[in-house]
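Quick one: this structure, given as structure tokens, is what I'll be asking you about.
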Amino acid sequence: MKTGLTAIPYALRLLLIVVLVGLWQVFCSIGLLGTGIVPAPVTIWHDMCAVMGQSASRAALWLSLRDILIAALIAGAGGIAVGMIVHPIRLLRAALEPYLASYYAVPTFIFYPALITVTGSGRLPIILISIMLGIVAMITTTLTALDGVSRSIVRTARVFGLTPLQNVMYVRIPAAAPMLLSGLRLCVSYAFIGVIASEFIMSDAGVGYQIAYAYDNFDTDTMYGYIGCVVVLAAATTLGFDMIAAEPVKREGA
Amino acid sequence: MTENGQTDVPCVELRQVEQRFTTRKGGNVHALGPLDLTLRRGEFLSIVGPSGCGKSTLLDILSGLARPAAGQALLNGQPIRGVPDGVGIVFQEDASFGWLTVENNIAFGLKRRGLARDDIAARVEHALDFMGLRRFRTSYPSQLSGGMRQRVCIARTLVMRPSLILLDEPFGALDQQTRLLMGDELLRLWRETNATILLITHSLDEAVMLSDRIGVMSARPGRLIKLVETGWPRERDSTVVSSPHYGDLLSEIWAPLRAESNHHMAANNA
Amino acid sequence: MTAIQAHFRAVAPPVVLMGAVLVLWQVACWAYPHPEPGPVSVAATLLHLMGKAYFWHNAAATGRSFLLASGISIAVGGALGLLIGSSRLLSWYLAPLLMIFQTVPKITLYPIVLELFGLGMAPKVAFGVMHGVIPVYFITSRLVAGVRKVLLRSARVMRLGAAERFYFVIVPAILPDMIATLRVSVALCLLGVLIGEMFASHSGLGFMAVNAINLGDTPVTLAVGFFLAFMAVGINTLLLYCEHKLRH
Amino acid sequence: QPGARAAEISVTQWGQSMYGAPYAVALHDGLFKPCGDIDGIIGSAGGGSTVRNMMASDLPYAEVAFPAAVAAIAHHLDVIIVNVGTDTPAGASVVTTKTSAIHTLADLAGHKVAITTPRASSEMLLLMELQHKGIDPASVHRVASGGYVQGLSMLDSGEVDAAVLIEPLAIRRRDDYRTVVRAEDILPPMTMSVGITTRAFASAHPDTLRCIIGQRRKAVERLYAAPAEAATILAEVYHMPPELARVAIDNMVKAHMWSDGAIDTTELNRAADGLKLIGELKGDIDWNTAVNSSFLN
Amino acid sequence: MTENGQTDVPCVELRQVEQRFTTRKGGNVHALGPLDLTLRRGEFLSIVGPSGCGKSTLLDILSGLARPAAGQALLNGQPIRGVPDGVGIVFQEDASFGWLTVENNIAFGLKRRGLARDDIAARVEHALDFMGLRRFRTSYPSQLSGGMRQRVCIARTLVMRPSLILLDEPFGALDQQTRLLMGDELLRLWRETNATILLITHSLDEAVMLSDRIGVMSARPGRLIKLVETGWPRERDSTVVSSPHYGDLLSEIWAPLRAESNHHMAANNA
């Protein structure tokens, strides 16, 4: 009963997406949206099915997905760790802060050629670039999250005489959890962008490469098939993450 | 031991303690002192004073959370370095852990200390009853009112059975009637455990009603301008309010405070 | 005196850190000869470039698109944020849609952007906006939702209209935090503009960078990268200054 | 102002490759002035994106790599070939490290060679070279690196034993590597880049097209007549070191890289055969419909 | 007009007012009522009650910020719809505008109402003096203590010269001595302006000391369980504390509250 009630808004949310996609289809059908710009959803759906029907495409998708996951996990964990370490060291933090804030203006993949002379080519530089993209968001969020932990909670931890590790495990991380989750969400989205954009620009495998390849070869159907897959994946991770994150956020009375 | 249960053995000694802060803009704030104060083992001492006079600062020094800028702070004859064992503190602000249920909040310190499960469970049960939190044991702090949350913090401190309890305006979030009841509970607890209690409060009634001694602090930089012995017996509760001595004590601490406040008001309009 | 000291305290750590990194990098280059250039040669290249008119021509092209993209992002994202952030219902339904858009790698939408905006400055600006507008929206809506209810209630008791409430209460209440977090979103606008320049352009720092990459001219690539980094830090510092002015 | 479509010619890899040299000269000398309001050349990431950029432009004329043009035609885009840009594979090479034991194409057997991306022209030329020398393509492991610079990095780190390369990057890095084979030494002339436009534009503005192609031809003539001067111009327009531009132009002049525009079906077919070799092209292309040579004079 | 300045003309009338909330999880909270209360024009009425009993909810209804779920709320005989003119309210939480200086905070409402510059300046000057804020006129709220900030909010409300003043625990952030002084100021203001005041407070002393009448509310859903007439003269101040009648009044409201609180404690442990 209770779960049934709380599921209703989620269902309505999904319904809204369905309705919007339906409208898009209608606009395309009556010619309000030129097919030269974006194809109709039904067309894209067919393209997606065609793409997913090939084992090579599934492999490409899986390859990208795997690396997105690896990058998101490393960036997330690493970002939290770095944030935790930097936070109490005031000087270090003051030194890092301006760079953290302006970090995203520099297109990371400019450094790709320089990077592969160090790392070699293949999937490693792609994963590294994605980590580089995501980790800064995680560090920043961790710092903000730790700032948000109230002074009295930090002091309470001290009064209980916790070891630094206990302090992190039992107080800081749980206290910062709701924000850390939103940071992780950012991390996933950056990992997505990092992996697929790197593949698009300079790789030879993965969904991003397939999109670029199809684009270069005027294979519009395949291209939209892959783009559709990427959007669906993005939507699934976003909504999925929302549902996972909802519980701790609600508990903390946001 | 005197007849009211307190001893003459010093538990805490402050000698010419001072505290200063540097503000972010580089200014210097003289927040406290110089201040001399001796807390006798087993006594119940309250501190009252205008807001911002340095009461919380004083507690930070006693609990080892901050080192004084000048002077000495001794616990059982030893200089206080870091948070000493056996000191419990309840902060002025809400310090409940939002990610834990009420019972897990209360058990937190016990678990970290590695007590036996049974022992933890027993102590938590007792604290839940004691603080009137039984119905909320599985609630999260965000589902409680500010007053309830403060009770959780008090319970979390008391289950550790500290021998020195520092309370910073613990009932600030409660309504007056609940404050009175909680005060009675605190007195009972104090008698049962023989702990030394230092209570900081804004409420003169509370200070007069509960304490063996009351310290009155000046406006910032806070110094002790009066130290009043109430002379209540160890067995007492909020009914002392009706004793004639109560009014005398109240006016005895009210006079210097009123002077301080007026002085302050005047200064602010200068 | 103290003002200068405080200033120094704020500026010194990042400068020292950057110095340390550069020195380490240079030492690594000496110790371990490598095709990659060290900071000294990158700095020399940058100085050389900065003496050239075409470099500034490119920088100005990027700057124009960036300003336009951030302006649009802030206006549109801010308006969306104010609108959606002040309504629980709207945010429940619209926020995930926008978040999905945020997660989609914009680069895959390049074909559509080209189709819609053609060539020239428009697609670059569009790319910048696509990168920046959602973060601005998220920040604004989070801040608007976070405006303490009692302030809004005060506004109602003072019988302010909806417009007055926005103008006199909500906007000033969120402004300092807004600027604080805008620092990150305008950086993303710049990124978007640069990506646009890498795909179809004949000017701009992104165009320069991609040419240098394909010509294997690492010093120029890194020089452009560092110039962009300096610009980003500069913009960031400026916004930080505004934020401090606004925060009391 | 935003929204206004640029009246620009699209040239693949503008600023990076030698395809653009005639345009650099023409632009510098104002040769395009009689052709209307052309305010510059727009570059692009190469391949199909140049075709797309052209189609999005107000002045749909572009010089694109031949495979991209073929792919566009094969996918029934509204594109026709109107002139030839370059008709030799000059500038493409296979290089290895100075200390490598690989000296000839035959030595590549059993080794790894970095190509840019699968089915790109770098792979095409490599396969055609192998075919020409009668070496089994399967004996050479082709490794996709993602780009020429990346290929060199892989070579440096020992992940591959050789890498394909093009000029002018090859000239810039010539001291670091040894050339194993140069495409122009093995392969006969074939179409490498072509000028394309849309059918609609061709029928609406035949004079503009004629003008652009004619002025480009003039620029090519100047290139061959005064290479040193052209090198100075290229260095200025591409912001390239003059020395690099000079060597690059000299090499290209020697190989007679730039075509005056004339379309030779044999050369088209040779290049198309290469595309079939890598599987980019399945059937034959009907050059009669894909090519319109009426703008050449 | 009676001898203590209040009239028998009803200013506010509540008839069987009730309030209910739907929680996010779909539950239903009966927060208030049914409650009947008449506020006479010019009187000073205080409301005390356990926390969470619906006092702030009641104020929301009176100020037109919320519509009751049942019953009627009338101001000067008219149903309350939207925020009526001439009503000033000071909220329990800090409502000062952090981006404005103290003086601009105080002038805010006046400016929005489009008063003449001179008039605004004069009123602000008076309020600054009145509230002891002169020294802080160009400070920003973040530079003030919680108590000072609350004074800013009070000043901001009072400069509007409301005829009905609703105060929700306005002195909560102040220390007791300052509370007493502020109480005296409030009485003076009340006498000068002939306003009707409804004061919500946790402090019984304050209620007894300041009011013409005191309403005692039950635990949630809050109902009026007692209404006590103090009988103080209109000219009065905090010295009434020493009157013997004071103790009687205190115990008269303390008794039902103690019962409520005990009842509540027991219920929580059920």
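For clarity, chains are labelled A, B, C, D and E in written order, and residue numbers in each chain start from 1.
Convention: contacts are C-beta pairs under 8 Å (C-beta built on N, C-alpha and C of every residue); 3 or more make two chains touch, one makes a residue touch a chain.
As the structure is a computational prediction, the values presented were derived from the model and not from experiment.
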| item | value |
| --- | --- |
| Mutual neighbours - chains that touch chain C and chain D alike | A |
| Shortest walk length in steps over touching chains, chain D through to chain E | 2 |
| Highest-count interface - the chain pair sharing the most C-beta contacts | A-C |
| Mean-CA-position distance for chain D and chain A (Å) | 38 |
| Chain A and chain C, separation of their C-alpha mean positions in angstrom | 19 |
| Cα-centroid distance, chain B relative to chain E, in whole angstrom | 30 |
| Where chain B and chain C are represented by their mean Cα positions, the distance between them in whole Å | 49 |
| Where chain B touches two or more other chains, by residue | none |
| Junction residues of chain C, two or more chains touched | 35, 111, 115, 198, 213, 216 |
| Where chain D touches two or more other chains, by residue | 49, 52, 147, 149, 156 |
| Touching residues (chain side chain B, partner chain A) in the complex | 63, 65, 83, 85, 87-89, 91-95, 97-100, 108-109, 112, 140-143, 153 |
| Parts of chain A lying in touch with chain C, wherever the complex brings them together | 9, 12-13, 16-17, 20, 36-38, 91-92, 94-99, 101-107, 110-114, 117, 140, 185, 188-189, 192-193, 196-197, 200-201, 208, 211, 215, 223, 226-227, 230-231, 234-235, 237-239, 242 |
| Chain A-facing residues of chain D, complex | 47-49, 51-52, 68, 71-72, 74-75, 77, 117-118, 144-147, 149-150, 153-154, 156-157, 159, 280 |
| Interfacial residue positions of chain C with respect to chain D in the complex | 35, 52, 54, 68, 111, 114-115, 117-122, 125, 198-202, 207-208, 210-211, 213-217 |
| Of chain B, residues touching chain E in the complex | 48-52, 128-129, 132-136, 145-147, 173-178, 180-181, 202-205, 242, 247, 254, 257-258, 260-262, 265, 267-270 |
